[in-house]
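Just dropping this structure here.
Chain lettering (A, B, C, D and E) follows the sequence in which the chains are written, and residue indices restart at 1 in each chain.
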Amino acid sequence: MLSHLPILQVIVPLLAAPACLLLDRARAAWLFACMASFISVVISGLLVFQVHQFGVLSYSLGGWDAPWGIEYRIDLLSAYVLLIVSGIGALMILAADTAIRIEIPSERQPLFYVLYLLCLAGLLGIVATGDIFNVFVFLEISSLATYALIAQGRDRRALWAAYQYLIVGTIGATFILIGIGFLYSLTGTLNMQDLANRLPALESSATAFTAFAFLMVGVCLKLALFPLHLWLPNAYAYAPSIVTAFLAATATKVAVYLLIRFHFSVFGVGFAASVLPLHSIFLVLGLVGVFVASLVAIQQPNVKRLFAYSSVAQIGYMIIGIGIGTVTGLQATLLHLFNHALMKGALFLALAAIVFRFGSADIRHFAGLGQRMPWTMAIIVIGGLSLIGVPGTVGFISKWYLILAAFERDWWPLIIAVLLGSLLAVIYIWRLIEVAYFREGEGESRGEAPLSLLIPTAILALANIYFGIDTRLPVYLSDSAAQMLFGGGP
Amino acid sequence: MLPELYNYWVVIVLMMIGFYIVIVQGNLIKKLIGLNIFQTSVFIFYISVGKVEGGSAPILAEGVSVYSNPLPHVLILTAIVVGIATMALALALVVRIKNAYGTVEEEELQERDLRC
Amino acid sequence: MLAGIYGLLSASFFVSMDAVDVAFTEAAVGAGVFPLLMLTALTVAGRYEQTVHRRPRAAFFLVLVTGALMIVGTLDMPAFGSLDAPAHTHVAARYIELSPTEIGIPNMVTSVLADYRAFDTLGEVVVVFTAVVGVLIMLTPGEQRQQPSPANAVETMRSHMILRVVSKMLIPLMLLFALYVQFHGEYGPGGGFQAGVIFAAAIILYAMLFGLVKAQAAIKPSILRLLAAFGVLLYGGVGVVSFLTGVNYLDYSRLATDPVVGRHIGIFSIELGVGITVAAAMILIFYAFAGYATGRAEAE
Amino acid sequence: MLADIVAVLSSACLLLGAFLIISGAVGVLRFPDFFTRMHAAGVTETLATTLILLGLMLLAGWSIMSFKLLLILLFILITSPVASHALTKAALHGKLQPLVDEKNER
Amino acid sequence: MLIACAVAILVVMVMAIIRALLGPTIYDRILAVNLFGTKTVLLIAVIGFLFGRPDFLDIALVYALINFISVVGVLRYFEYSHREEGGSL
């Protein structure tokens, strides 16, 4: 059975979804979904171990070898991202039962879990597969589930946000499809490994360039990279809180993974550099993204929206890491992938608790929250500090590596810019803390969020601190993954 | 060069028409039609890639030696299904938007959002 | 309105490009499902025309750039239809040469779809499933579970006596034809998806002519839900069975003692799964839209 | 000998069918109002379709293809008049007057 | 012979599109679309013979079916919307 792990990783949530539909009772569906997601965490843990032990795992579906059939290919990078996605997915679903109770009418709840599992399976499928067309299919599974999930927000603007996301997401997916078409017409294969072997000979071809451009733009639309980010704040702000937490912690990570995968594994590091200054473009877009999004975030009255913009800014950091173009830079990106998932997961889950109490995440409700919901607020403070990059939290580690990478290249302006960006984060986090601790709340004092919501949040918050101090696991994984990507794959 | 590639270019023109509609149209449903055109033209693009001069449909038959490439057909079958699934979901969203806002025009939607 | 023609047109294009299976699907989808969906949505959303063009210049520029980029991209592509393009010589060549003996069925599209790239097809079925769940979660009426009143339903197309009588004759034929397409997919164009769509179309025709209530009484939504999930599970289950026989996921070769026979069984069952899910999903989607429309009309 | 006759017959059928559909289309394009257009389309359609499909059937000979063609033929013969009928009826209900001097917009 | 027939059908299809674009009433458009549909069925059948691949006949059959359903759907929609307009007036 162990040899089947790569496929089980995706199949378990994928098949659990229709089975979940058959249950038709919210509680049963929830338990079932929990079970499926925990199994997938275990599988991803085993996968990391196996990859660490034996190197790249390749699994040919249907028994057809690589270029003919579809191949699942798990290397360190994908195992790492699989672990992040499945881990966050499982924690979120623990909290989901309580969180959606007030946000989604009861007869829709079983369907909610079905969609949640499908979304999870789609994301896992994108990461695990080694076939670019399969990426497209699973991308669409997760996207369709996401659109429907976002539309479940109680505000009617959730519908509008979901529609916008749908249009943008479909355009992005179609762009990716066009890119795949060009690649196929050029090479005659869809397998990533095979493509990587065949593309270097075609480096000067305009078709390869176009394919690259379309893939990049398509992924960046999904990624919400700065100028293409307009769908994200709305979608995050109006979606049900648990969905926001899940998406913020996983969906963009998977998009970053795809970017790295296409950029490094399929086309090879040298490709982009030879035809266009992609790295400089990434650097500039990343930096502008950090600043613009942080500045907008400072002015947001809705805290969910505030953190959504902050997500755009954090994506900017990840892109900067890629843009630096060194092993350390990429390592910083990968670390931030992990760390950002932890902190945004914690923050948005804490917001879910606040929404559970007050019905919205408006900053008004934060007044006096330090006394009224001490635990939730403490978690927000931890997440916020991590977002800023205070030593002792995970945020510090990724910023540290980012600065290290810039330092290696002697890019002082970049270091200063990153520090300035953190300063902006200080401003918007401080705003929250000030309101929560130093302003008297009006109205009666209300209690803490229910434990079922608080515990997963606390786990994430503790993970923020734990991995900020004991950095061995993520650093090791990201370091070897980054080395592997620059080494052109093992 | 031109006669060898004209097929692709026609497809590209079609594709861009669809893309333009998606961006410019204010009506949500028409936007979706544009999206559909955009997607379908991508399908045609794929099928053009799969065409082989003098080839025949990829179903085994006696007396036929050259077949068109079946792989793009398979991919596009999948893509069509994905496309129609997306459409169904999008239309469901539009229906709900109409119910919640009373309009399917982008500008009016934004106005009504600002008012509340 | 023109979308229907567009669907027809693109399908005839596919025919000329030898893509029989694709044409088949596009015929069913582009000319049938898509306009039907569009119309039911329009019923709810209303035909509200307004031609406001916003920032056309910037959009035009963007489109122009994208188009130009694509044209640049085509410049280095192999000439249209050329035999020795890499697209035809690498992977596809094997499909054409070996699939008749390896899989043992004449339709190469089916063999690639259901065997070499079976996992993509599983993904495709799941996409349909996702869409139907998404539509259901959005259009399931909340608290006020209203029954469309029978009066409303009877009124639907009562004036079209001939239409109804003739359709009554045609619907069984259509169902029969759907079954033919389902099981003939290995030899000719067709397969689970197309069959599912035709099957669903027949039921939808019934629902349109005789009212939603009658159709729902004949084929209950709850059963359809079960079937939609069952189809996916059947497909995935075949994969799990191949686990148990000791080979990789979706490898059918050990489903029978003779690998070719095993592949036949595998392809047959997954096509059945596809057909069931697609038919159930399409009917459910139609029910959801139509039910929403009538429900709303009564609320007003 | 027989083959020749069949070939000639099928060609004749095909050509006649082609002529008929073109005349029908010209009618649809040129006639002044909806009901006359309907007439042009509906009348030519059945005969032309029959002829063309008959021609193809003769060409195909006695096989499964002929059967399928026959099926298509039957199908069109059933549905096309029904569709025309339904359409006309709908148009009448939709307050579209036949034989008017000016075209009546809806 | 077949080619002549195919060309004729194509010409008719173009005419149908022109009628559909011109309108003027919605019923004209439906009529044109219907015409277009049946001609597509014929075209596919003829092309199938032209290429010597009779598999195309299945598609023609599907077309005949789907076209009918589409027309019924369109009709239903317009009757429905008329009724709604009538009700609100």
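The criterion applied here is as follows: contacts are C-beta pairs under 8 Å (C-beta built on N, C-alpha and C of every residue); 3 or more make two chains touch, one makes a residue touch a chain.
Keep in mind that this is a model prediction, so the values were computed, not measured.
Chemist: Please find the path from chain C to chain E through touching chains that uses the fewest steps, and give that number.
Modeler: So the least number of steps between the two chains is 1.
Chemist: Please give the pair of chains with the highest number of C-beta contact pairs.
Modeler: Of all chain pairs, the one joined by the most C-beta contacts is B-C.
Chemist: Which chain maximises the distance between its CA centroid and that of chain A?
Modeler: D
Chemist: Go ahead and note the Å separation of the Cα centroids belonging to chain D and chain E.
Modeler: Taking the average C-alpha coordinate of chain D and of chain E, the gap between them is 11 Å.
Chemist: At what distance in angstrom does the C-alpha mean of chain C lie from that of chain B?
Modeler: 15
Chemist: Report the inter-centroid distance (CA atoms only) between chain A and chain E in whole Å.
Modeler: Those two chain centres are 47 Å apart.
Chemist: Nearest whole angstrom, what separates the Cα centre of chain A from the Cα centre of chain C?
Modeler: Centre separation, chain A to chain C: 31 Å.
Chemist: Show the residues in chain D shared as contacts by 2 or more other chains, in ascending order.
Modeler: 75, 79, 82, 86, 93 - these are the residues of chain D that touch more than one other chain.
Chemist: Do you know which chain A residues sit against two or more other chains?
Modeler: 133, 137, 140, 144, 147-148, 151, 178, 184-185, 190
Chemist: Can you list every residue of chain E that touches 2 or more other chains, as numbers and ranges?
Modeler: If we look for residues of chain E contacting two or more partner chains, we find 26, 51, 53, 55-56, 58, 61, 65, 67-68, 72, 75, 79.
Chemist: Spell out the part of chain C that touches chain B in their complex, as residue ranges.
Modeler: 3, 6-7, 10, 13-14, 17-22, 25-26, 29-30, 33-34, 37-38, 40-42, 44-46, 48-50, 52-56, 59-60, 62-64, 66-67, 70-71, 74-75, 77, 79-83, 85, 87-88, 91-92, 95-96, 100, 106-109, 112-113, 117, 120-121, 123-124, 127-128, 130-132, 134-135, 138-139, 187-189, 193, 278, 285, 288-289, 292, 296
Chemist: Please name which positions on chain A make contact with chain B in the complex.
Modeler: By the definition above, chain A touches chain B via 133, 136-137, 140, 144, 147-148, 151, 156-157, 159-160, 162-163, 166-167, 170-171, 174, 177-178, 181, 184-185, 190.
Chemist: Quick check on the complex: what are the chain D residues that touch chain E?
Modeler: 10-11, 14-15, 17-19, 21-22, 24-26, 28-29, 34, 37-38, 41, 45, 49, 52-53, 55-56, 59-60, 65, 68-69, 71-72, 75-76, 79-80, 82-84, 86-87, 90-91, 93-94, 96, 103-106
Chemist: Chain E touches which residues of chain C in the complex?
Modeler: 1-2, 4-5, 8, 11-12, 15-16, 18, 20, 23-24, 27-28, 31-32, 35-36, 39-40, 42-43, 46-47, 155-157, 160, 163, 167, 170, 174, 177, 181, 184, 188-190, 194, 198, 201, 204-205, 208-209, 293, 297
Chemist: Touching residues of chain C toward chain D in the complex: what are they?
Modeler: 159-160, 162-163, 166, 169-170, 173
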